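You will see two complexes here that share chain A, one where it goes with chain B and one where it goes with chain C.
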Partner chain A sequence: MAYSNKVIDHYNNPRNVGTLDKASSEVGTGLVGAPECGDVMRLQIKVNPETQIIEDAKFKTFGCGSAIASSSLATEWIKGKNVEDALAIKNTDIVKELALPPVKIHCSVLAEDAIRAAIGDWKKKQSASQAAPVTAEAK
Partner chain B sequence: MATETNIPTGNAVATEGASLCWSCNAALAGNAHFCPNCGKVQPSTPIDYFEFFSLGAAPARKLDIDLPALEREFYRLSRKLHPDVFARASTREQQWSLEKSSQLNDAYRTLKDPIARTQYLLELEGVKLEEQSSAATLVARTSGEEKKQVVPPELLEEVFELNMQLQEMRMNKEMGEDDPAIVSDLQNAKSRFETMLDDLTSELKSYWNEWDATISAPGSSESDRIRVRDKLVDLLNRRSYIRNLVRDVNQALAG
Partner chain C sequence: MSTNGTNVNNDVNGVKLPIYLDNHATTPMDPRVLESMIPYFTGKFGNAASRNHQFGWEAEAAVEKAREQIAKLIGATAKEIIFTSGATESNNLAIKGVAEMYKEKGNHIITAVTEHKAVLDTCKRLEKYGYRVTYLPVGADGLINLEDLKRAIDDKTILVTIMAANNEIGVLQPIDEIGAICKEKGILFHSDAVQALGKVPLDVNKSNISIMSLTGHKLYGPKGVGALYVRRKNPRVQLSAILDGGGHERGMRSGTLNVPGIVGFGKAAEIAMQEMPEESKRLSALRDRLMNKLLSNLDETHVNGTMERHLPGNLNISFVYVEGESLLMGINDIAVSSGSACTSATLEPSYVLKALGLGDDVAHSSIRFGIGRFNTEAEIDYVADRIIDTVKKLRELSPLYEMVKEGIDLSKIEWQTEGH
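Presenting the complex of A and B:
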């Protein structure tokens, strides 16, 4: 399997590998898998509650080179974006950037799923805390 | 080859799965590889692997097959289709026997392996295993809803945790030069994963039986069929994760 230079670069120097505090209300965690190959990926985001901007992102992927590169790239892309803009990232953007061949498309799907799942988890935490009666309007 | 354009493929009018021998006109069963009357090899036709081995045609392909019988049939046909046997036969008979040999090998390789066999059946049933996940992503993207993972989230959690542990053991092993404690950790993990895999295999076999019973039950409906089919799909999906763990732990032990 010939990997593109960009994939190799992310694979050799993955950006943002690591863990954020899963319990924090500012952190969203997405854990997703690709049943095609049995690879798993966890992506976490830390969102500023005032600005809705993703201030930090970390990932950990047990999978192929393309999945590692896709998640590494995904964390790079979403950092500094607000959550709505991050949700607009499509797997096809990743495919293009990394020049992934057709058999590796599912690896990029995994990264898109991970972004969505992490943001989904974060949103769930937000609405749960909003439902709590005591929160005062912060302005 | 221009000289071969007049091949009478399938020669006669095939009536209800039956056809006639191209050489002697004797009636043949639909998937007969050789004529029972004159013994000549018959034209190769694009049939599925189950049919190739007479293990039931659509929609009644059985999953729980008799492996020793399959193996015997494989060896019998291999001998009969061997190129040496056709050294003096016509070009087209040589051609057919070659095509059938390669079908035979593909069919045997697929059917003798429980997982490959199940995957193959699902493919014939129209399930596109590789496309499920991206299809679900597309739904999530357009609806804004959370994507439905094709395996249960608890399993993903567990697999992720196991991967973490395994990675730690691997790193320790690399640094600790065959520390017997780490090796035994890895060996424990290995037997744990293998047990998980074995459990899934027995579960698979119980679904095979359910499938076989469903397709042959007189009153069973399309929805019964789909229900069992989806159980098979679900199991294969879960299994890919466990298979990777077994692979990785073996690698760690070998490396």
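Presenting the complex of A and C:
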């Protein structure tokens, strides 16, 4: 498999690797994929409740180089965006940026799913905390 | 193998990169083999089937010498060796040849789920033509259960086909015992011995083998040349040919012989015969060195297939919570092979590893190391260090490793598997 230079760069120097406190009300966690499929992405965001801006993003990925690169790139892109702009990111944008071959398109789909899942988790926490002061733990 | 990234075509600590550690896929040709072949491309170019001139006689003599050299390595006689284009053809000819020749006797074939695709897909094709095939399971050790074999045999069974050594996990099937069962029941026994040839001692009489598939390029010989051992007595085995033509190779395999290839295969067999005792000791030591370094420096790391009955140069290891292709990408100056779906054309993880009872997730995390004649201790040390560093780095990136370390049971999580 020949990888694009951008995939290799993200693989060698992954951006924003790490873990945020998933119990925090400001943090949304998305865990997508499955071990038996060979890809699991966990993408986390920390959102400023006033501005709705994603102030921090972290990921960890079990998967091939393209999956690692897709999630690394996703964290890079969503950091500093407000949540609605982050939701506008499409998997095809990731495919284009990383020059992913057809067999690796599912990696970009997973990265888009991870962004949506993280934002969805954060939104759920927001509505839950407005309804009652109980913390809803991310799965 | 990817050739991008660093360290390719450089020397590091006296180790020349990239390092070839995929000797189950193919082996580099031994220079002594190449030397033996060269005269047969130009000066001694004759057709071994030309009976009435010097050129033909020379070629025929060279082929007969190779037949002797190969026969000696498996305890057979030269007349029992027929040449083919490689192991895929040998396996096809053995199984289809028996199926057609013995169809009056029965239509049942027994094989194992971990056989090479050249055996499994041949059996699958025969099923379309009305043959019944039993696919024996293997245990976690990778070996078939002899009681399963005995139970599978019925009065229509004509052939048992079980490999000598597995190409992925390197385990050695109990061919002596299988042969004894087949002999007692009067059933032919074919063994794909491609990975075992020249690596471990083989004796067609001791193991009661009726037909054995062999190839040149897995034992430092040329590609494109294989052979089939076909027993001539006790009992005499006959095969229906697949190719119709000039009736070469006792009528079982028509086609002009690949004389230079056959000469090289013969030389490779002769070298293996002389050097196997020393070489298998050296390769086992290198293999154990690699295994011990990896296991003592990494947790959640498991060897696949029993080490009790194992090829000297094979090591198959699962680095759990690290995906195989990403591991290969991190060690792109080392040529190995992965059980990961991402490296295969079918996008399915290794059926051999799954047959051992490994989950898809662990199969995705597996690497096959194939150590061969030209690998050195310095290379093994370099490989071990690179693997250890890369696995550690990827586990820092792995959400699964982090979750397991936090005490989360991954099997309790509802993973979204649809659409992937």
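As a working rule, the second predicted complex is superposed on the first by the 128 of 139 C-alpha atoms of A that agree within 3 Å, B and C clash if a C-alpha of one lies under 4 Å from a C-alpha of the other, contacts with A are read in each partner's own complex, and residues count from 1 in each chain.
Here, contacts are C-beta pairs under 8 Å (C-beta built on N, C-alpha and C of every residue); 3 or more make two chains touch, one makes a residue touch a chain.
Everything quoted here is computed from the prediction, not taken from an experiment.
Engineer: Assess the superposed three-chain arrangement around chain A: do chain B and chain C clash, or do they fit?
Structural biologist: These partners clash in the superposed model.
Engineer: In the superposed arrangement, which partner chain does A:Arg42 touch: chain B (first), chain C (second), both, or neither?
Structural biologist: Both: A:Arg42 reaches chain B and chain C.
Engineer: Chain A residues in contact: does chain B have more, or chain C?
Structural biologist: The larger set of chain A residues in touch belongs to C.
Engineer: Applying the document's definition of touch, where does A:Gly33 land relative to chain B and chain C: first, second, both, or neither?
Structural biologist: Both: A:Gly33 reaches chain B and chain C.
Engineer: Kindly classify A:Val17 by the partners it touches after superposition: chain B alone (first), chain C alone (second), both, or neither?
Structural biologist: In the superposition, A:Val17 touches chain C alone.
Engineer: In the overlay, answer first, second, both or neither for which of chain B and chain C A:His106 touches.
Structural biologist: After superposing on A, A:His106 lies in contact with both chain B and chain C.
Engineer: For A:Lys58, is the partner it touches chain B (first), chain C (second), both, or none of the two (neither)?
Structural biologist: Neither: A:Lys58 stays clear of chain B and chain C.
Engineer: Between chain B and chain C, whom does A:Ile8 touch in the aligned arrangement: first, second, both, or neither?
Structural biologist: A:Ile8: touches chain C, not chain B.
Engineer: Applying the touch criterion given at the start, work out whether A:Lys125 contacts chain B, chain C, both or neither, answering first, second, both or neither.
Structural biologist: In the superposed model, A:Lys125 contacts neither chain B nor chain C.
Engineer: With the two structures laid over each other on chain A, which partner does A:Lys79 touch: chain B (first), chain C (second), both, or neither?
Structural biologist: Neither partner.
Engineer: Could you name the one stretch of chain B listed in 7-15, 115-123, 223-231 or 241-249 that collides with chain C in the superposition?
Structural biologist: Superposition on chain A puts chain C right on top of 241-249.
Engineer: List the residues of chain A that touch chain B in one complex and chain C in the other.
Structural biologist: 31-40, 42, 60, 62, 106, 109, 113
Engineer: Along chain B, where are the residues that touch chain A in the complex?
Structural biologist: These residues of chain B touch chain A: 129-130, 132-134, 137, 140-141, 144, 146-147, 149-151, 153, 156-157, 159-160, 163-164, 167, 236-237, 240-244.
Engineer: In their shared complex, at which residues does chain A touch chain C?
Structural biologist: So the residues of chain A touching chain C come out as 1-3, 5, 8, 11-12, 14, 17, 19, 31-42, 60-65, 67-68, 103, 106, 109-110, 113, 139.
Engineer: Considering only the defined contacts, which chain C positions touch chain A in the complex?
Structural biologist: 2, 4-5, 321-323, 325-326, 329-330, 340-343, 347, 349, 359-361, 364, 396-402, 410, 413-417, 419-420
Engineer: Which chain A residues qualify as touching chain B in the complex?
Structural biologist: These residues of chain A touch chain B: 31-40, 42, 60, 62, 87, 90-91, 105-106, 109, 112-113, 116-117, 120.
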